[in-house]
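Structure below; questions to follow.
Labels run A, B, C and D following the written order; every chain starts at residue 1.
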């Protein structure tokens, strides 16, 4: 019995591997269905905005991706904290599995923010408090991925990444607050990206569905990626060599 | 008393050793044998708490060292391959800093006399970078004479020492064990002990040393 | 506990005095970066006065980041870091000692030199005073936060660039409040709000950063 | 769909911005799963090679 009690039945990679596959399939299905409904509502059900015309439809992917980019970072920090405290390698793998998806979500938020800013304020990049914080969050993701990538010993990579995430998660509110203070001081309250148009219920519903679709997508991708990470790390174990997918 | 229970360590994804168990009581000296890459240094560093084992436990006075990090550190002296000397400090300064950091209050003249006893007469106030490898090792080993720690964990202490220094170190170890101290040692050299028990542990004798 | 802190600070200051070049490189880097901007932007004093807070603070930030690499790496190489990890005192206290010594060598000189550079930018004495004060309480926070990055990337090849990538996002609040305070004072708005935030960040990093750095050191020295 | 397909794609004059955003997002959300699948295939290949080497050693 290992010195430290591992009290999740699924904390061993061998037990979690098939479960991750199942969750991956289910959430992939949910993602596809919700995306279809969400897109349909975004384009055909939601009315044209009286002020921003059709351009505002970008909101249906900008806001969900922005929310997801923040949510994934918090989930990563949660798993990293668990991995550091309880020394369960699987939770560190989860954090590593979520990182690329989080970075992509942040990039999507920035990209769609710029493509929305151009028609609305005439500039591809607006130093709006939220967009700026999103940019800094993107640097935090890239920093985490770069740190994990440059350390060979997986154990050290996990724990170093965990410390960076925990330090990052403490700094996020400070960063957001300081950027907001800096933004309002220099430019006065510019129209921030989302408050522009009043949200009718249909628009809100469409956005919520899209958000759940993005959430399901992230879970699916993370589950499949964590399976690959488990395969890479447990390649010498007996249970991996007996997997049906491994061709003799 | 140092007790190790079912210890396992993996480096990267390679299992260095597993199921290691032994005890070192007062007045005992433990030899650690093993071919290169058998994990001797990792085991020594795990004993000190520098490396966290993937399984098993290291206990000092019946309490896991994880839970008493500072108290255990006060009763332990670890000398690794690297001497832990700052190149720009002189031998005396290095010795004084090392001892005071370990919580041992030492006066300067005591440090000079200890360095002299270690055969460094006339070299005490030279910057460490000027000294030869053997001389630097002697400065590092001088800490043994000033230390009050009962447990010594020494990784290859004899490496780079000339015959006179080897004899000197053997005497110091024998005296420490005679006083009821404990030593864990990796070396390829027998140490003639005046009293106390000698234990041996071979690492890596099982083909991959893994469960 | 306090004696170990004092020993570490004394040892590192002694080492810095013996190897004076390390002290000067960081200082000259700051001077050069600050002096480059007028050459790039033009001698027009009004613009220089406008950009001075930002230039000084970005230069201080880069200088502090440049100096981070030496913070633990020499100890890591010669084995004294191991002895620090095995000292009976809490590691975070020793880390605080090392960061204080590091700041005295690389942060304080910037503060003392900024008035001289301020003349290059035709700053009023009041603005220079505020600049010095913000650098005085800002650069220690930079060293404390930077120490976490230095500890995380210990012994990694290409660690130097990686430190800046890890640490820059965490420096941003200090930059915003530091430069903002000087600008607010200069424009007559009063930088009290910024200065108190800067002080709060310094306090938070003085308490929390050494703990994270200690954890990172234990992980890296494994 | 009263205005017909062309009007739909025009997006009231915001075509570049709307399709620029949705297009990039779609591209990324298709590329990422493909990359994960490719990573999985590489891992499985490496494992099967290890298994083959081990079985050769034993026989």
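The criterion applied here is as follows: a residue touches a chain if its C-beta (ideal position, glycine included) is under 8 Å from a C-beta of that chain, and two chains touch if they have at least 3 such contacts.
All figures in this text were calculated on a predicted structure; none of them were measured in a lab.
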item	value
Chain pair with the higher count of C-beta pairs in contact (A-D, B-C)	A-D
Centre-of-Cα separation between subunit D and subunit C, whole angstrom	43
Length of the line joining the C-alpha centres of subunit B and subunit C, rounded to whole Å	37
Distance between the centres, which are taken as Cα means, of subunit D and subunit A, whole angstrom	17
Separation of subunit A from subunit C, taking each centre as the mean of its C-alpha atoms, in whole Å	32
Shared interface positions of subunit C, touching two or more other chains	222
Sequence positions of subunit D contacting 2 or more other chains	none
Sequence positions of subunit A contacting 2 or more other chains	153, 155, 235-236
Contacting chain pairs - touch in the sense defined above	A-B, A-C, A-D, B-C
Residues of subunit B touching subunit A in the complex	10-13, 52-53, 55-57, 64
Subunit C to subunit B touching residues, read off their complex	3-4, 7-8, 11, 14-15, 18-19, 74, 77-80, 82-90, 221-222
Residue ranges of subunit D touching subunit A (in the complex, touch as defined)	1, 8, 11-14, 17-18, 20-22, 24-25, 28-29, 32-33, 36-37, 39-40, 43-44, 46-48, 50-52, 54-55
Complex interface listing, subunit C residues touching subunit A	148, 152-153, 156-159, 162, 165-166, 168-170, 172-173, 176-177, 180, 184, 193, 197, 201, 208, 212, 215-216, 219-220, 222
Touching residues on subunit B, where the partner in the complex is subunit C	45, 48-52, 70-71, 73-74, 76, 78, 80-89, 93, 97-98, 100-103
